[in-house]
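Shared between the two complexes below is chain A, which has chain B as its partner in the first and chain C in the second.
On to the complex of A and B.
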């Protein structure tokens, strides 16, 4: 038996080779079948549906060409929702990643309790968006009972003599989106921190020694050694931050469940609304396709930007 | 003199660094502490009492959340979904990854490229055709439908991770097993899977987190409360007109605690898995 198995393939008869191939192919079949049904088919279906007008139930779907897309281009609420997601993404790119980088730099040295900090900082990213959103909604609660603030943040503001700062955090159109962005950063920074710290620890310490010998100060060492060495990791973090933040949705739903006019709309809520609220499945899919193209462009852009600055 | 000055600067520096790190750590911990603290109060005191550690602790809230709030059912559903999806992903992805790494068959590069491409292309709104498909197949609002969807979500990343692991593995053990008369399937089960334990640990942890925390598909596909997982159940509970905050906070703790405990026990694996991913890219 072992003789047959160890024989070189070219000595086997043809039928045996075919049988062999089929047996090998059967290893990937469960994965391929599942994947084709639940990923590949929806992938092509979303493009097909985006060219149709369909309410999700009726047997007749009519082809409308690019009409959905034409309507979407003029849909003001849609573009506002794209802007909202971009606003959250911009805050995540700057504030969240700067914080993550600063924390990673602070931990990239002989420091006590390094392990403790690592474990704590990565705690929010393992929690679900529903849990995070509902906890923060409670902390930011703006209700008043018996002349006393219900939410702990407003309560503290009153206690510390800053009643002027008390706010309807999540129902005030001016602050709702920023609050969501900050909570999004709270949930996400630990993940960037871990990635950036891992990147920092791969930098060869001889480079720092060499910079020191050359008389470089802390800033120029950072500027000319740390930053260039970190660019590959930074560009990964940037792309993943963009993809994650642009598609934020569950957190918003958990924080402002009632909806707030159009002030906290993001693309995913628009897609869901088109699908469930107005039963326009084709229009929902055209949003999905458009948004997908935007995301691909953004990640390609940051990729080329990352490799350009490297040179 | 010089030495002590340097020392003083060092102390000041480390105080500044530690207070920075500590303040961020407290910001991470406080909301969780507040969640647990509020889960132990009554519906009256939760609005007025703001002491950090209240005097009367009502652990009975958890029983009420588990039974009346329905979180017991949601919890069991989450367990069922998480275990079956993770087992499914481990079996299906390790079979495929083993074949991609070791076996010869036509179309190998094509199929592998297909899984790779799926990881690269973001597809927002893919839940719309997914929902249409599940309704058509009669799998909407069923456990098996949700499980199959979630398996396919985690598949491509797991296959890629396991394949890179198998590629680095020496062939000796498998050759020995083959000479002993072990078939392909036997080698996969008896040799490859046990050897892949470190990679499987990463896959199990990340997919468990992913399934336990998933919301959108659970929201679209499951309508019966008896089928809902925790994340969905929390939103349903929160959506009722009068929210009982201590019970809601108990529900949140029930949803968060298993994840926090698993994370604390497995954190080296999780951080290692993440950092390996980061340095590979």
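On to the complex of A and C.
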């Protein structure tokens, strides 16, 4: 009896409840409709296409069930491309984020020209990936004209007395992917830097003062105050790094075009080739669905890892 | 309360209607033709011709540029799927996809227009230029025989040599044979000049170069037999084709980094005299003129290996436009394309863009270097002319394999075996 008395909906007539529900629905319906049209429908369409054999134009589509997925599981080039993207992601997760964190820590202190450094560090992310690719292609160029190196890096190595280190950076399978990963980190560290700096600035300075009073050193303060307080931000940065790095594509196109055999293939280049090169839209969609699942799994994994570390 | 609810529901319906209003059909403007193209270098000239056409006929032609070509292709495919193609557009893809567009009802059959008045319109063009858009009787694609596109210009892909650099190396004449070419490379190396540059980071450029040598080494019949699965890729002739690339690497004939170079960078290298030879198309005349107007260069066929068979080069229609079969302005679109391929407009386009005109009568007024390109049009071939094309999956393995040879990772024999394995897999799939 008391439960009924405390629940206000039981006091309303049925028509009022319907009106309330309709009112609420009227607020969310436009968003639901737009979301359904632009997100849910394309997702189901991609999944449906992944079960078909289609060249992208023809009105005839044949149903092949899970055959595209079965073929993909055995596609060595695809899994190699996933490994390449993972390699770039690993470098970004470690090198790029460590650099971003170190610079954010430096800029969080009272240093001269702090704003200037912040602007400089945030410049690469705002540049177009195509432009970044072109600039770095010029830096890493291995060509020679009139006995002189054309590429800035090779030229600098020769001038510094290190001609033995001169390399064909982008056309050597041993260095090409690492060069792409480094350029990707150079381009991307600014995002992590800004987010981590924003996170650092939200930490209450009284915590640092308390740690100082307790006699904690710099390392101890970092480990027991800064790091635990930054974990939610770090977790977001890690997820965004994984998503951004696994989907690297424009940089590869700008730096090595379709070159170097399969050494610079990543999942997105394989999806594009399946769609445009071999006109297998169904197979490309099965790649897209599989790649999406991989990304969701990686994101969940890093989120779970972040939560566990926090505990 | 009821009034409030009514207002809210009305607002929701309005938002929904507004968001859907873009999906509704716009009122058709029958006097405006829409053209989608990808040719950055020809955009200005096309816009000027469109303005001239409007003055002459009162029909407005809206020229829309979508570049680069990859993005354009994606847009056209997506627009075909949504059935929102413009009146005139181009297909930048294999003949198989061209045929899929025709079978999907997206491209108008222009044969009656070409054949009208004793084939008057057809006779304006280089036959090779029309062949790209022609489907012959009994074609493997199952398309009704006919002509489905209008070539704007013709192009072919050959080798170019830097006159000054060859002179510096003491090479008196451009090499005719492959062994002469390798000798010239050694002479160039002695004076510190790099040999050949090309955009072999782009698979289609590798496809073009390798198929030139395949035609020269074994001829068209054997290539087609390979595509049909009757000759294996492990055949000595195919290994010879792959060996061309190994020899180029072994003799140090290639500019560093050629395997990851997009063609626009390769063009820059040749224009800036970083290499003595280039493998490039006739569009380069315009590109080099923009990059280095004082560049002295000549045109030559790729040096032949086999003197018993001709060296075939890729060529034909450089860019073609098709008419949307679903367009209510189909006749007006055809009339505009016919006007665009008339001698005056073709001469204007050739002069402004330094491309070879598709109209034969406009050829008299083109620059000298372009004439060198035009002089070997009879040796031109193109995958779109062939009776059949290789399975794209097999082609990809073949071309990626050539890149592996270029980086010294694999031998021609290894690549031949790998390609043959994939070929057999594809053949057995098709049999199933």
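Some observations on this one:
Assume the second predicted complex is superposed on the first by the 270 of 311 C-alpha atoms of A that agree within 3 Å, B and C clash if a C-alpha of one lies under 4 Å from a C-alpha of the other, contacts with A are read in each partner's own complex, and residues count from 1 in each chain.
Keep this in mind: a residue touches a chain if its C-beta (ideal position, glycine included) is under 8 Å from a C-beta of that chain, and two chains touch if they have at least 3 such contacts.
Since this is a predicted model, take the numbers as computed values, not measurements.
Once chain A of one complex is fitted onto chain A of the other, the partner contacts of A:278 are limited to chain C, with no touch recorded for chain B. With both structures placed on the common chain, the touch criterion links A:243 to chain B but leaves chain C unconnected.
By the touch criterion defined above, A:139 reaches chain B but does not reach chain C. Contact with chain C, but none with chain B, is seen for A:168 once the two complexes are overlaid on the shared chain.
Once chain A of one complex is fitted onto chain A of the other, the partner contacts of A:202 are limited to chain B, with no touch recorded for chain C.
Legend: residue contacts after superposition of the two complexes on their common chain; A:14 is shown touching neither chain B nor chain C. Of the two partner chains placed by the overlay, only chain B lies in contact with A:123; chain C stays clear of it. Of the two partner chains placed around the shared chain by superposition, chain C is the only one that A:255 touches, whereas chain B remains out of contact. Between chain B and chain C, more residues of chain A are touched by B.
After overlaying the two complexes on the shared chain, residue contacts for A:107 are found with chain B alone; chain C is out of touch. Residues 22-23, 27, 30, 34, 56, 143, 145-146, 150, 257 of chain A touch chain B in one complex and chain C in the other.
Contact residues on chain A toward chain C in their complex (touch as defined above): 19, 22-23, 26-27, 29-30, 33-34, 55-59, 137, 141-147, 150, 168, 170-173, 176, 255-264, 273, 276-279. Considering their complex, residues 1-2, 5-6, 9, 20-25, 27-28, 30-32, 34-35, 37-43, 45-46, 49, 56, 99, 102-103, 106-107, 111-113, 116-124, 126-132, 134-136, 138-139, 143, 145-146, 148, 150, 152, 155, 186, 190-191, 194-195, 197-199, 202, 232-233, 236, 243, 246-247, 249-250, 253-254, 257, 267-268, 271, 275, 281, 284-285, 287-289, 291-292, 295-296, 299 of chain A touch chain B. Across the interface of their complex, chain A is touched by residues 1-2, 4-5, 8-9, 11-12, 15-16, 19, 70, 73-74, 77, 80-81, 93-94, 96-97, 100-101, 103-104, 106, 192, 194, 199-203, 255-262, 265, 269, 272-274, 392-393, 396, 400-401, 403-404, 407, 409 of chain C. Within the complex formed with chain A, the residues of chain B that make contact are 14, 17-18, 20-21, 24-25, 27-29, 31-32, 34-35, 38, 47-48, 50, 91-93, 95-96, 98-100, 103-107, 111, 114-115, 118, 121-126, 128-133, 148-149, 151-153, 155-156, 159, 178-181, 184, 188, 209, 212-213, 215-216, 231, 234-235, 238-239, 245, 248-249, 252, 255-256, 259-260, 263-264, 267, 270-271, 274-275, 278-279, 281.
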